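Look at the two complexes coming up: chain A is in both, with chain B in one and chain C in the other.
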Partner chain A sequence: MAAGLLVVAHKEFVDQLTSRRFLCIFALLLMISALGIYGGAEDYNENLASYSEQLQSADGNNPYSGSVADKVSPLTIYSRMSDYIVLFGTILGIAMGFDLISKEKEEHSLKTLLARPVFRDEIINGKALGSVLALAIALVTAVAVSIAILLFAGIVPTLYDFGAILIFAVVSGIFVLVYFSLALLMSTIAKDSGSALITTLIIFVVLSSVVPILGWAAAEAVAGTPPVSPMSAATGSSSIDVGDMQAYQNEMQAYWAKRSAFSSAVNILSPDLNYEKMATAITDPAQAVTMDNNPYSFVEGPPETTPDLGELLGAIWANALALFVLPCVFFAVAYAAFMRTDIR
Partner chain B sequence: MTPILDLGRVATITRKECLDHLTDRTFLLILAIFLFLTVVSLHLGLVSYDAALKQYEHSVAYSDPAFSSPLTDSRPPSLLIVFSALAESLPQWGPLLAIAVGFDLIAGERSSRSLKTLLVRPVFRDEIITGKALGGGAVLALASAVPVVLALGLIAAAGITIPPDDAGIAALFCAATALYLLAYFAVALAFSSLVGDGGRALAWTMAAFILFSILVPTVAAYAGEAVAGDLPTYPSYDAPAEEVQHYLEAARARYQALNGVENLVLILSPDGNYQAITKVLLTDRSDPVSGWGISGLTDILGRIWQNLVAIAVFPTVFLAIAYARFIRIDLR
Partner chain C sequence: MIRTEHLTKDYNGRHAVDDLTMEIDRGEIFGFLGPNGAGKSTTILMLVGMIEPTAGQCFIDGIEVAHNPLKVKDIIGYLPEDVGFYGNMTAEQNLDYYARFYPMAASERSKRIADLLELVHLDGVTQKAGEYSRGMKQRLGLAQALINDPKVLFMDEPTANLDPEGVREYRDLIAHLSDEGKTILVSSHILSEVREVCKTVGLLVQGRLVAKGTIEDVARTLTPTEDDLMQIVLETEEPLPWIEDPAIVSLETDGNRAVIRATSDIRSRIVATLTGQGVHVQEISVCTPDIEDVFMSIYRR
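And then the complex of A and B:
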């Protein structure tokens, strides 16, 4: 079993790494993220300079010494990189997967391939494995280049930072796998590469644009009418009771908590939002434990202490699970469909 | 002598293409998503118009005429707010519709071998490609008119009178959207006749889309920064008046250089042009700062004509490539 699998995986790996399409998108990703990291490193050094300036000027008598900015972490630089990965990672994943099966069908090479002593499951597993390895190499290169730029700019990440960057790379890889496996699935079930690609793009738009909007609208409908402010109810110059105002504030907070919980639940369907949430958890943990789509998150700001791992996982476990489950489901369906495809 | 282009035959192909698109499942699916997102954007626009109107009524009711100033006086909100959410979000999904309409037009007929059968009939090659381009263009014009008509209908239904200038701007907005969609349709059609199969045509079109919608704007921003150079150092608060004046002049010159270079590069990108056009079109003309000096439709046209020409030239170039290539294609 393993021999056929390895042969297909090896061939697919070499094919991907030498394909012009893969190399072009990879070069773009590398260039853009290097530029982003470079800009981020400059900002970081500026922030660090102003931080140490504040530290020096802060003496015991200064009443503002308590408001010295937090020490900046080099990890924040990676939040920029996650923006580029959302864009180019999606394109990379789709470009790698959309014609893996359909092209072989179009060129009639699948029949020839199946005439050889190799099982069908070895073909699809090998194709997926080879592509995953190529993808892993691409991401490891991108992250290595980013670390090199950081070191070049004089920023030395701590061991903790290194661990976080590694997790960031793995999470980014899983995100790209979502769209790769979706493209592979469409490549298996669509009649040709063109319709495989267009269907993948449609689902991509649905997952990345329609789902968040739908979540927002559905949450608005589910949460019901917001409480009425005593300000607008009061007419003219009549004074507003402080107790009323407090009650209104509490009701409003409860309303938004309910509403944002619902839209977050819908947004679990969107891999883009899940990935962004996880990237935030890595680059800015305090920000990740605040509620999304809730205006009070902006008003109150993130908690002052950095949340510990348990707290962080408690806030993002659903996103992590959804991000991981989606490629598994897509691949499983692609596998099942490929096993039963009628090839003529 | 036979006419160069038989309009009857072109019309036959245009009609067939239109019907094909309008009954194609993929197209209808994308159109459904397109309409859904459009309606949501219009809804957001109407909500913000409503909020602005309420605020205006509130401030008029409580304002003190003794303290009137053009800066603080509230103005009735512009109706055009309704389109601003749409103008911002349409570039995210509109091109997909345009590309879906165009990428398979020639490549699909080639891979299913129906192109040969079609050319056996008494129809010229240029009539085929003209008819196909017209059919796709008509469908996209329809798609870009729907949101505008829908919005104007909703506004009229809400009992708000639409000033004639705003109606003209809405028509210009519709035209700009149609040209923007046509730009990516033309790219897709060009690759469809350049490349043999639909899959590769679509992949190339997506690559071009990324080039024009992401890379060109990024390059434009970097080029602007590079040419304009660093911002002059901010004068200290006790600096003499000449120094402050000097700083202001330098900062203005830098800003102008930055904008000039950026716009020059952005002319290449349909997205850059579309953004520039919609920004001017949807500016609130009663605003004392950003809307200052924009008087009527002719003035607006004067400000955006360069972008309008650029966004019209872009599809023309790609349609010409598609045409020239299709006329000489070797079909077997």
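And then the complex of A and C:
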């Protein structure tokens, strides 16, 4: 590894960890997620107590006790944390990246830096590396605090839970990287930091809010006219044929399946939705294999048995791929733009 | 030490630097003169390996720059015109960051930084660079350019933002660095500044090197001449007699003063003739055009 890259990465790492901006957002993320985890832990303990009571009732062969719910998992607590990461992680990623290059141009320090025996790519790679390490420390700290709170609340995660929490942290890190790399790209191509920030925020709104709305509208248009219910077609006292009703149900299911598939395909462009899907796959796997935006799936609810890994990957692979590819694309474009930057 | 061969840089189809061929010897203080937009900074950026030429080559200490930019950067120092630093760091921290790109031990780095801060009178300054005045930044710029004890130093408009005291110190520093054997290229559009420190100059106009040599050589080269005649001004104590010499083309006399236009420098012959006639010469000189005027006329083109 080139020495120049490490020098730049070291400076960037220290700059990020000592910047007020980073520390403020990180403190907020830590505080809010800690409160969320604490609340989630209390809910978990209540659910666990309820589960134990149901078990005891079932053991007593009480015929009116009803079915026993699945045992609750401590991982469900992390679904709350994912909500906070969507908000604060996005802000943190953007805050870390929007002036990474533009500030160097504004302060004229880029030319002074480039006068050193260092390749241009070492500068942008070093900046990205230093920032990613700072981000990793932030997320590891947040997860460590969350585990400490769980232990404090008397919840001891299993080895499987620990593995899942680790994957959750990695996925959360990749999600934050999406917006960090987007901000870095804008910082490289924008004239100044202000423009970089505004452009990044506009793209963030498009990806997180406009894409899902467009996906819904486009899916509606592509799916065409929904089948007409035999009930609304029937007039007066004429009876409805059971066969017609069954056919209608089948057509309606197919209609919603098509619509759901199309909106899911469009939603692949939204890092927020991809992250939520991934987080759900980790914290509540059964929920992750149900179809999004499909009322039939909603009514049916998640499957009673926990899906196996193959089934789970089948449901989320596109989201996982998109979540991983997007920061790579943003960084690649930022890299190419930086290499061509006119430094006169 | 510095050599360019048909160096050319195009921007949007326009020659910013056009077929520049020149050579600067080791230990020389060379002034790069020219109006704004003449291509001085672009030339320096190519010489320091920050931009690649469209055509031609440049060499620093025999190293071809475009193919070995890092090797070149190891042995050069560069003070950009608009030098900038990290505002959240002190002068020492800024210099330490830059020094880490060179193969220097921590103790050597520390000593070098302390020496340089003392040299530019920023030792003991605890302010962050973001709070510096423009003059202080310029002085820190000089220090960063010397962090690796370079063989060759490029300075783009080095006295911009410096107060008179700072300018004087800068001149002393240049002289000191020259004594150490460093080759220095100073780019400026201010003739008086270049004249103070540089032994030789090159005049760049619209990307082309129009003249190179000492200031006087360049001025003479650029002076518009009428049939290459020399103008001699003469003053005597007694009224002037008629002067005859085959080299004289015209002679205008006014009492004891004359303006002679001749094909060569005949001052010694005139003095001998007049002395022989018992006329005492008070002053005799070749009339040279004002250098500032000559350069200004080029700048205005």
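Quick notes on this structure:
In the analysis below, the second predicted complex is superposed on the first by the 336 of 344 C-alpha atoms of A that agree within 3 Å, B and C clash if a C-alpha of one lies under 4 Å from a C-alpha of the other, contacts with A are read in each partner's own complex, and residues count from 1 in each chain.
Quick note on the criterion: contacts are C-beta pairs under 8 Å (C-beta built on N, C-alpha and C of every residue); 3 or more make two chains touch, one makes a residue touch a chain.
A quick note: this is a predicted structure, and the numbers were derived from the prediction, not measured.
When both complexes are superposed on chain A, chain B and chain C fit side by side without a clash. Within the superposed three-chain model, A:Arg344 lies in touch with chain C and out of touch with chain B [touch as defined at top]. In the superposition on chain A, contact of A:Thr188 is made with neither chain B nor chain C.
Residue contacts after overlaying the shared chain place A:Arg116 against chain C, while chain B stays out of touching range. Contact with chain C, but none with chain B, is seen for A:Asp15 once the two complexes are overlaid on the shared chain. Annotation for chain A, partner touching more residues between chain B and chain C: B.
Once the two complexes are overlaid on the shared chain, A:Ile32 sits against chain B while remaining clear of chain C. Touch criterion met: A:Leu87 reaches chain B, while chain C stays clear of it.
Using the contact criterion defined above for the overlaid structures, shared-chain residue A:Asp99 touches chain B, although it does not reach chain C. Within the superposed three-chain model, A:Cys24 lies in touch with chain B and out of touch with chain C [touch as defined at top]. Once both structures are fitted on chain A, no C-alpha atom of chain B lies closer than 12 Å to one of chain C. When both complexes are aligned on chain A by C-alpha atoms, no chain A residue touches chain B in the first and chain C in the second. Only residues 21, 24, 28, 32, 87, 91, 95, 98-99, 102-103, 106, 192-199, 201-202, 205-206, 209-210, 213, 217 of chain A touch chain B when the two sit together in their complex.
Residues of chain C touching chain A in their complex: 41-42, 45, 48, 50-51, 70-71, 73-74, 76-78, 80, 82-88, 97-98, 100-102, 141, 144-145. Remark: chain B residues 26, 29-30, 33, 36-37, 40, 92-93, 96, 100, 103-104, 107-108, 111, 197-203, 206-207, 210, 214-215, 218 touch chain A in the complex.
Of all the residues in chain A, the ones that touch chain C in their complex are 3-4, 7, 11, 15, 107-119, 343-344.
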